[in-house]
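Just below is one structure, and these are the notes that go with it.
For clarity, chains are labelled A, B and C in written order, and residue numbers in each chain start from 1.
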Amino acid sequence: MSAGTTTSDAGPLAELTGDMPAEAEEPTRWAVLRRSGTFWSGTTIIGFWALAAIFGPRVVPWDPYATDLLHELAPPSAVHWFGTDQLGRDIFSRVIVGSRDILTIAPLATLLGTIVGTTLGLAGGYLGGLVDTLLGRIIEVLISLPLIIVALLALVALGLSSVTVVIVIGLVFAPLIARTVRAAVLGERALDYVAAAELRGESALAIMFIEIMPNVMGPILVETTVRLGYAIFTVASLSFLGFGIQPPSPDWGLAIAENYGVIAGGYWWTVAFDAAATASLVVGVNLFADGLHEALAA
Amino acid sequence: MNAALSIEGLEVAYRARGREQRVLGGVSFTIPPGGSYGLVGESGCGKSTLALAALGILPRAGRITAGNIRIAGEDLLALDAGALRRLRARQVSMVFQEPARALNPTLTIGRQMAETYEILGVPRAEGEAHAAAMLGRVHIAAASRVMASYPHQLSGGQQQRVLIAMALAKEPALLVLDEPTSGLDATVEAEVLDVIATLRRELGTALLLISHNLGVVERMCERVGVLYAGMLVEEGPTEALFADPRHPYTHGLLRCLPAAGRRKAQGRLETIPGFLPAPGRRITGCVFAKRCRLADARCHKEAPLARDVGEHGGGHFSLCHYAERVADLSRETSVEPSPASDSPAPAKTELEIENLSKTYVTGGAHVRALSGVSIVLGTGETLGLVGESGSGKTTLARLLLGLTAPDAGGSIRLDGTRLEGAASGRSQAARKALQIVFQNPDSALNRAHTVRYLISRALGRLGGFRGVRREQRLRELLAAVRLEPQYLDRRPRQLSGGLKQRVAIARAFAGEPRIVVCDEPTSALDVSVQAAILNLLAELQRERRTSYVFISHDLGVVRYLADRIAVLYLGRLMEFGPAERVFRGPHHPYTEALLSAVPALRAEHARIRLAGEIPSPVDPPSGCVFHTRCPRKLGRICEREEPPLERMADHAIRCHIPRAELPAA
Amino acid sequence: MRSGWGAWFARRISLSLLTLFLLSLVVFAGGQLLPGNVGRTILGPLADARAVAALNHQLGVDRPAIVQYLGWIGGLLHGNMGESLEFRSPVAPFIGAALVKSLKLAAVAFMIVVPLSIGGGVVAALKAGTAIDRTISLAGLSLTIIPEFVSSIVVILLFGIWLRILPISASWPEGAGPLDQLRHLIPPAIPLVVIQFGYIARMARAGTIEALEADYTRTAILKGLPRALVVQRHVLRNALLPTITVIATQTAYLVGGLVVVETLFRYQGIGSLILTAARGKDFPMLEGGILTVGAVYIGATLIADALAVLVNPRLAPEMTG
């Protein structure tokens, strides 16, 4: 609208681009990712636990479910590296295998949330109007409640099961992911390529999924990895509270819930390793997400 | 007395993607006390970096690798933090391109101005009085109201004036201006430049003015330096340099402007072929050799040294082996001026807009963005839409395309057939007849897709082409917009600005449109690239008889391309007629102000200045909307009655002043 | 100016009420509709069908949903949040007492985390790229995602069991003074601080870095102002505005953490109240607790928005007319 658009200099860093074909642009994101220490630490940690989840049951020294009442609460030793719990089960074996359930439930919940959330975000951001207003209100209500509490309410109402956990976390994540996607879509919506597509008579679906979606994949990807971290966080917390993964699973949160009553007696090993495992996994996912975020912002 | 600024052998590098890239490669020049120096160059030449480096405020990634800088005799690089602060407090100021970003949004104007005095130890009350006086000198009327305001409550022009007042408050030895008016409307720009020129003379402040606009620099500066790829390729007295350029790059820059009333019928504009070298790339020989028509083997091998080439003294330096031959370049391509016809040959009417209005409702307020506009456009003609912020030119374009629906009562007819308001309601045939080239190709091209996809998709949707036939049309279209097939598999960000705009043009022409709306299609591009795009648009029009609706704030560009011109102000059509007659006059006082505001090279119009800011479209003035700024206002009638759009032959003017008296300015 | 503010508050408050209304629908759906047969849920699968029907009738859950909702909402408006199924007495006093306790704990956590994280973020930004920055950023990034039950375990093991300098239960003895109460509140506050720190510090760091590179900061530097003044008046003023809103939105996460932390440290706050109600399927207690938590959050964002508007002139409502 104004003459104010006569910029030929966006700022000093624009001097680095200027009017020239930037041929070597493509690999820089990968270059940033390759050199990112956070990204690789995250990948290594996630990789370790993924391998543990897949091959753990075959390689651990003890049966993680086998109780041994003669050796309950044994401290770490050469035989039981991380000691044993109140039922005499080998903690090392349980910690290694304990990543299984959480690494199934959390990614599934995240996937569900991402698919539903992306669709809602695209629709809200592009179509606007009623869809958008409705979405905005739902988000407003959902963020006014802590995730754990929403999950508790839904789990009590619908009954405990892993499927419910996946659905509840997925559906609670969906509007949150939709909010991020919507913000990105609103930015894209203002760009002229969308108007150009409308002037070609493209359908709304084509504009949303062919034109806009490829340009918001970056934020979607980052949001998904960040959400994965929170999904693990939430599943672990729910399990700890008794509303998530159920016994006799060697799940970490569950193990801490079962044993924290005895730590005052000095049996620290019954919870310490499970706590460390949980921390390492969520931190790993967070590092991975942060590395990705930095690379995509480059 | 020490030079206000002296720069010697300045080299600056940025760290980007883990590599140091040299942005400035040994720049030297001097500004005497009270002197004015203009630095011109296209994007990426390093001019902003130079300004920031000269004041010691490079961004974190930047570093001065060689050279030295003296401000008012003090060696900037040798000063400790305290001495540097004292130097800044008294001797230098800078005004940035975007005033909205240069003012702290959370402090009042008065508070921010007071800081300048505070640091000099002036008592508070006295500082405030000084600040108010300073605001008066930059033509801000209600100084006390402005001082109590926050930045966002002021218009862009007011913000920039505040920054100028703030910058000059300490009566510095040197004022650096980085594109100070690029974000402002033409009439506002003209007044701001006047303010700078007057105050500078009164205070004896030296000026370093950085601009991509050669006209601005010519008006404001005694000496000019031309920066290309981080090198000062030519510098000299303004008049000598513009009249008799001694570097092929300067010569090209000056020649590719569609200045001096040049028209598309008079032939192509000159261009500078090729691209700027990538920063950080070591170039043996002359930096411009690759794009230079004078270049020979020596230029590619041996870097030229700056030498004095002036015939009239005064220090005219050129960084060219063959500076003496630059003048020959003009002779090769000079064009015969052919007499331009007064009215374009009567063409068949393609587009007929009648009584078109658009009202937006925002926050309960009704904003009349466009009010009762009627315009006709013939086949193969260009309609130039001219006007400043809030004029409604972009709204008109969006209505035409159906991106927004107009108010009831108006109509748009294409070839006699009435069009639906919204594009979604129009037939595919109507949609494909009206296409657009947007201002900014970065926004207009989907960065996720390849050039092949971008154009093919348009060919498929708009042209209905499939398979082999589509592939064939793709090749033809590429050839028509002069794009090499090698670019087909690239994505937009791997292309230069000019190439991207060619892709956008190819896409607009995919369905063989009858009318193409060009919304400032070259204003995001450098002048050397602009010329090539204008040539292409003119050529496509000649070959295909396509009509253009061409929006631009640059009257030189409009004049080159347009057959008819519509001047809009606050959503009203103020003047409409054949291009030559609108330019020659008699014209509407607003048109006259617009014409005289353009700091074009060798201006042909007397300068008249408009007072005040463009009124808000939310609350437009009564009567004639222009009366608040009109230098030729008659009296009460202008405030009460909206003048009718008076037609005389095909030239219409909306003004109470009788046609016969209009020329007597 | 006053009319602008009045209109702004009216609009903002009606928006909050709308959210509260939608929230009540969600809570009602979760607490009374979804469980289906409430009587069966409470009495268990072995109970006699007639007993279940009788209980349903007694609880009023055999009425149409809309009648139930109106009854519930009507009660709420009169301060009646229903009767606990477990304690057979009104839930409001339970919730009130628990809320006070939780607010105490939250206040301690906020008082530690706000200065710590803003300070950390600003220092990291001012020293961007140095080892200090990397340490703060990495710590923030890692700590912010560690579940409270994990950090609580660390706190209990470290301070309560090995070093024995802090109590492992947050419940103070009857008649304890404010200082003693504070000593008991510090251990549960630490996990909450840990989780909030990273997020707030990150926002503060990003805002500061952006403000440091802004043109208005350059303008200020070129005025010759001392660096401390540039940072305090120009950089921080702009950098910390968005942080206000962030801190308010963190309330929700904080309360989520309370459920875990209060359980671990045996503290009778609203978090453990909700968990106990969930475990005991005490739906009226659960609904009341959750609605209270949501209302607290909505109130907090309302205050934060008003605060943001007050300190940020760009957001100030324009005068109309």
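Throughout what follows, a residue touches a chain if its C-beta (ideal position, glycine included) is under 8 Å from a C-beta of that chain, and two chains touch if they have at least 3 such contacts.
None of these values were measured; they are calculated from a predicted model.
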| item | value |
| --- | --- |
| Farthest chain relative to chain B (centres taken as mean CA coordinates) | C |
| A-B against A-C, pair bridged by the larger set of C-beta contacts | A-B |
| Averaged-CA centre spacing for the pair chain C and chain B, given as whole angstrom | 51 |
| Euclidean distance of C-alpha centroids - chain A vs chain B, Å | 47 |
| Distance from chain C to chain A - Cα centre to Cα centre, in angstrom | 22 |
| Where chain C touches two or more other chains, by residue | none |
| In chain B, residues with contacts to at least two other chains | 59 |
| Interface residues, chain A side, partner chain B - complex | 1-23, 25-26, 28, 31, 35, 191-193, 195-202, 211, 214-215 |
| Residues on chain B engaged by chain A in the complex (per definition of touch) | 14, 16-18, 21, 23, 42-49, 52, 58-59, 61-62, 97, 156, 178-179, 182-186, 189, 212-213, 275-279, 388-391, 393-395, 401-403, 423-424, 428, 431-432, 434-436, 438-440, 443-449, 457-458, 461-462, 493-499, 507, 520, 523-526, 529, 553-554 |
| For the chain B and chain C complex, residues of the former touching the latter | 55, 57, 59-60, 81, 85-90, 92-94, 96, 98, 101-108, 115-116, 119, 150, 152, 163, 166, 364 |
| Complex contact set, residues of chain C against chain A | 18-19, 22-23, 26-27, 30-31, 34-35, 138, 141-142, 144-150, 153-154, 156-157, 161, 168, 249, 252-257, 259-260, 263-264, 274-275, 278-279, 281, 286, 290, 293-294, 297-298, 301 |
| Touch list for chain C against partner chain B, complex | 128-129, 213-216, 218-227, 233-234, 237-238, 241, 311-314, 320 |
